[in-house]
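After this come two complexes, each holding chain A, first together with chain B and then together with chain C.
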Partner chain A sequence: MLELLPQQLVNGLALGSTYALVALGLTLIFGVLLIPNFAHGEFYMLGAFITYALVAAGLNFWLAMLVSVVCIMAMGGLVDRLVFRPIETAPALSLMISALAASIILQQVATMIWGTEPRTIPAPLTGVIRTPFFAVTQLQLVVMASVAAAFGAVWLVLNRSRLGLAIRATAQNRDAAMLMGISMPQVRFATFAMGAALGAIAGALLGATFPIYPSMGVNPVLKAFVVLVLGGIGSLWGAIFGGLVLGVAEVLVAGYIASELQDIGAFAILVLVLLVRPQGLFGRAQVER
Partner chain B sequence: MLTIEGLRAGYDRLEVLHGLGLSVEAGDPTVVMGANAAGKTTLCRVVTGLIPARAGTIRLDGEDITRLSSADRVRRGIALVPEGRQVFGEMTVRENLRLGAYVHGEPDARDYDTAFGLFPILLERESQRAGLLSGGEQQMLALARALMSRPRLLLLDEPSQGLAPKAVEQVAHAVNRIAETGVAILLVEQNLALAQMIARHAVVLETGSCVADGRASEIMASSAIQDSYLGKKRN
Partner chain C sequence: MKTFITTLSLCLATGLFGAGPSIAQAQEIAIGDLHPITGPATFYGLPESRGIHLAAEQINAAGGVKVGATTYKIRIVTEDDQASPTVGVAALRKLMAADVRYIIGPLASGVAPALKPIIERSDKVTQLIDGSIADDLTNGKNIFRNQATVSGYNIAVVELFKARKFGSVAVMTDRFHAGFMGSQSKLMADLKGLGANVLGEEYYKLNDTDFSAALTNLKGKNPAVLLIRGYPAEGALITKQARQLGFTGQVVWEMVSPPSTVLKNISASEMEGVFNCIPPTTEDYVKLGDAKAKALDAAYRGKFGEGPGELTGLSFDAVHILKAAFEKAGSIENAAVNKAMGELKLADVPALTTKYTAQPDGRLFDDKGQVDLRGVVSVWKGQGWEPMTNLSQ
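Our next item is the complex of A and B:
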C-alpha cells in the first residue's frame, strides 16, 4: 500500500491545485467585498465552456483559454453590477440568495446553449513524466504551475500596485477607504474581474482533464468554501494551502479508506478545523481594540 | 466654505437629521455639539458622502456637492477624521499616509514633511503596523492621513474619544495649527474642553435639528447648551 503513497500525493496535489485556484478567487471576492459569491462556480463552468467552444471552432487551446479568461473577467464585473451592487447595503443573507439566483440562472443559460450532455475539451498536452516513485502528466504539472503563477500575479497586483493598495484598504475598512477617495465601483470591478479570472483558469484547465457540464461548478464552489474556512477567510496563503491540504486529504481518504468517503473526508476536516482553530490555519483571530 | 441647508438623512426607516442647516467658514473653526444620538456622526457621514442626503443641499464654495461620490468630494477638498479613528490597522503608518494622498496619485515629500512636522512620533513609527499604535498615536495618524489629501475643509468626528487629557491637548494644538494654514474646521465633539480649545463658532444639535448657533464662547456659557446637552451628560 505504502509504495503508492508518492503517487497519491502527486494526484492529491494536482486535485488540490484546482481547489486552490477556485478558492483563491472566492477568498479574494469575499475578503475584499464580504460577498459570499456562490456564483463563483459558474465563472469556473463558463470558463471551461467558452474554452471548449473556441477549441471546437479551431482555436489553439491556450489562446482559447486566454480569450475565455478575458470574457469571464468582463462577466465577473457584469455579475457584480447586476447581482450585488443593486443590494449593496443589504444583509449578508440577501447577498447569498442573490448569489444563488445568479448561479442558477447562469447554469440554465449554459444548459440552453450546450445541453446537459457532458463534453470534453481535447487535452492540449498528453505527455506523462515517469519517475521511479510516481508518474505525473504534463497537464497536472501545468495545473500546479498555474496555481503558483496565479498566486504570484495576485500577490503582485495586491502588494505592488496602486490598485492593490486600494483593494487592500477596502478589505480592511470600506468606509475609511471611501474617505481616502478610493472609487468603490473601480475596486469592485477589479476584485470581481480578478476573482472570476482565477475561476475561469481553473475551469479551462480542469476541462482539459475531466468532462464538463453546466452544473460542474456546484461541487467545487462548496469545496472552495471548505477551503476558505480551512485556510482562514480572506487569506491568500490560506486558500492555496487549504486547497492543497484538501486535495491530498481527499485522495488519501479515497485511496486508503474508501472512495465513497472522499467527500466526507473533506467535511470531516472542516468540522475538525472549526473545533480546533475556528479562525482557520492562516486566519488571524479577530481582536477588538 | 461649507453651507448646508434643509439637510435630511438617516438609515433605513430611521431619519436622524431633520432639515439641518449650518455653515462653516475658514478662519472660523466650528464645533457641532450635542448629546449621543443627536445626529453628529450622521452629519459627518452625509457631508463626506458615505450616506446619501434624502433632502436638502450641501454646498462647497457655492458648488452643489449633494449628489457627488465620496471620491469626488475628497478631490474637491473635503476630508474626515472619522469616529473611532479607522486607521488601516494591518498596514504600516507610511502606507496609511500614502492612502491619505490617494486622490493625488502618490504623495510628494512636502506632504510627508507636513504630516511628520505636525506629529514627529509618526516618523518614528513609520514602518510599524498602525494597529499596534496607542490610541493617541492612532488619532494623530488619522489626522495626518486626512491632511495628506490637502483638504480645504477638515471634519473631525469626536477626536477626543478614548484619549488621555494630554493626548486631547496635542490634538487640539495640531488642529489649531492646521486651521492657521487656512483650512476650514468642522469639529463634532462632546468634550467641551477640546471644543473650547479649538472652536470660535458653535452649533448645538438636538435630535437632528439645530437648536443654537452662534459664537462658541456665548453658546458654551448659555443656558441652551446647559439644558439640552450638559444636563444629559453623565457628570
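Our next item is the complex of A and C:
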C-alpha cells in the first residue's frame, strides 16, 4: 500500500486545491464583513453554468471563464445589496438565514434555466502527466496553479492598494474605519465582488473536472467552512493550508482506512480542531471585553 | 318562504350539476403516475411519466378499457416524488386520499421500500413498479413489478464474465442504492464461482466527485475489470478518473444510462468499448428493429418532440398491463384486479413493447409479482450503446 502513497498524496493535493479555491472567496467575505455567506456555493455553481453556457455557444473556455467571472462579480455586488446590506446591523443569525435564502433562490433559478441533469464543461486541457510514481492531469495542475495565482492576486490587492488598506481596516475595526472616512459601500462591493470572482473561477475550473448541477455548491461550501475553521476565519494562508490539509486527510482516510469514511474523516478533523484550537491553525484568538 | 324555495332550488340545482361530473368520473379509472418529475432523477422520471400519459391517450383513443359491459377511460394523476423517500411517501398519501387505487411507479430504489409498508397494509391500492430494481419489493398480492430486479441485471454481468473469462474484478458501488447494495454479496459470490478474483470493493454516493483515493487503491491491484454500479453521472466520472490514473482494463457499467446524459459528462472517445449490463432499453429495441418499439418511438417523438427515455417502454407497458388486468378481472375493484394480475398470461398483453420471458406456466408475473426480465450486454460504440449479440467477441 505504501507504494501508492505518492499517488494518494497527489490525489489529496489536487482535491485540497479545489477546497482551497472555494474557501478563499468565502474566507474573504467572512473575514472582512463577518457574513457566513452560504450563497458562495451558488457563486461557484453559477460560475460553472455561465462558463458552460458560453462554451456551448462556441466561446473559448478561458474567454468564457473571464466573462463568467465578470458576471458573477456583478452578481456578488447585487446579492450584497439586496440580501445583506438591508440587514447589516441585524444579529448574525439573521445574516445566516438571509444567506441560506439567497442560496436556495439562486439554486432554483439555475434549476429553471438549466434543469437538474448533471453535465460537465468540455475541458480545455485533457492531457495526463505520468511519472513513475504518480499521474496528474493537466487540469489538476491548472487548479493548483490557480490557487497560488488567486492567493497572490488577493494578497496584492489587500497589501499593496488603497482599497486593500480600506478592506483590512474594515476587517480590523469597522467603526474606526468608518470614522476614518472609509466608504463602507465601496468596501462591501469590492469584498463581495472579489469573493464572488474567486467562486466563479473555482466553478469554471472545477466544472471542467466534475459534473455541474444546480445544487453542486452545497457540499463544497460545507467543506469550505470546515477549511475556514481549520485554517482560521479570515486568514488567506489558513484557507490554502486548511484546504490542502483537508484534501490530503480525506484521501488518506479513503485510501488507507475505508472510502465510506471519507466525509466522516473531514468532519472529525473539524471537531478536533474546534476542541484543540478553536481559532484555527492560522487564526488569532479573540478576547471579548 | 320565497327565499327558502329559491335556496332549496339552488341547492338542488347545485346537487344535480354537482352529480354530473361524478357520474362522468365513475366511467373513469384513475391511475397514479408516481415518478420524479423534478429533482436529480428527472431525466429518468419524466420520460417514464410521458410514456404513461402516451399509453393512456392511445388506449382512450382506441375506445378505452372494456370491463364487462362498461367502458372506462383512463385518467392519469401524476405526482412528483423527486426521487426522495419523504416526498414519495407524501405523494403516495396524496394519491390515496384522492382515492387513486392503481399506482405506477416509483423509479428510485430509495423510494420504493419507503412506499412498500403503506401499500402492503392497504387493500385499496395496487402498485405496479416500472422503475426501481431493488430486490424484495413485490408481494404478488397488491405489489407487482414489470421492471427487472437487480438480480436480473446481474445475470448479464455473470454471462459477460462467463463468456470473456475475466480473471479478476474490482467493484465501485453506490452505497445508497438499495438494489445494488442488497445484491452485491451474491454477485461477488457468483463471479468468484466463475473463477474471477474479487480484488476490491469500494463505495461512493450520489453527487460524489472525487474517486481518486478508491480508484488508486483498486488500480494498484491491477484488476482485469472495473465494475461500476450506480448512476451515469458518477459512472462517467469514475470511468474518466480511472483512465486518468492509468487503468487500462475493461470498464463494465451496471446502470441505466441514457447516452445524452453520459455524453454530458464524458466524451464519446473515453466511453468507447465500455460494457453495460442492463435489460434492453426502448432505444435498444428500436435499434433491433422491433415494430412495437418503433411505433412507440414515433408516437413519443410526435407528441413530445424528442426521443423516448430508456425506461419509457416499461412505463408504457405498465398501463397496458393494468388495462389487461381490468379487462380480465371484469371489475375495477382492487381484489379482483390483483387476482387477475397474478393470473395474467404474457399473451394477454399483446401491446407490450418489452420482451419479457414468460413464467413456465405462461404467466407474466411469478408468485411474488415479479416479471422475468433479464439483463443483456451492450457496448458503447460511437455515440451510444449497441446491444451485443455475441459476448465472446
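Structural remarks
Throughout what follows, the second predicted complex is superposed on the first by the 286 of 289 C-alpha atoms of A that agree within 3 Å, B and C clash if a C-alpha of one lies under 4 Å from a C-alpha of the other, contacts with A are read in each partner's own complex, and residues count from 1 in each chain.
The criterion applied here is as follows: contacts are C-beta pairs under 8 Å (C-beta built on N, C-alpha and C of every residue); 3 or more make two chains touch, one makes a residue touch a chain.
Bear in mind the structure is a predicted one, so any value in this text is a computation, not a measurement.
Taken together through their common chain A, the two structures put chain B and chain C side by side without a clash. By the document's definition of touching, neither partner reaches A:91: not chain B, not chain C.
The superposition-derived angle at chain A (between chain B and chain C) is 140°, Cα centres, a multiple of 10.
Once the two complexes are overlaid on the shared chain, A:132 sits clear of chain B and of chain C alike. When the two structures are aligned on the shared chain, A:165 is found in touch with chain B, with no touch to chain C. When the two complexes are overlaid on their common chain A, residue A:58 makes contact with neither chain B nor chain C.
Contact comparison for chain A: of chain B and chain C, C touches the greater number of residues. Contacts of A:262 after superposition on the shared chain: chain C is touched, whereas chain B is not. For the overlaid pair of complexes, the smallest distance between C-alpha atoms of chain B and those of chain C rounds to 39 Å.
Those residues of chain C that touch chain A in the complex are listed here as 38-40, 42-43, 175, 202-204, 207, 209-210, 212-214, 216-217, 220, 233, 236-237, 244-246, 261, 264-267. Those residues of chain A that touch chain B in the shared complex are 162, 165-166, 168-169, 172-173, 175-183, 289. Those residues of chain B lying in contact with chain A across their complex are 48-50, 69-71, 74-75, 79-80, 82, 86-91, 95, 98-100, 102-103, 105-106, 131, 145-146, 149. Of all residues in chain A, only 1, 3-4, 7-8, 11-12, 14-15, 18, 111, 115-120, 122, 128, 130, 135, 137, 209-211, 213, 215-216, 219, 250-255, 259-260, 262 touch chain C in the complex they form.
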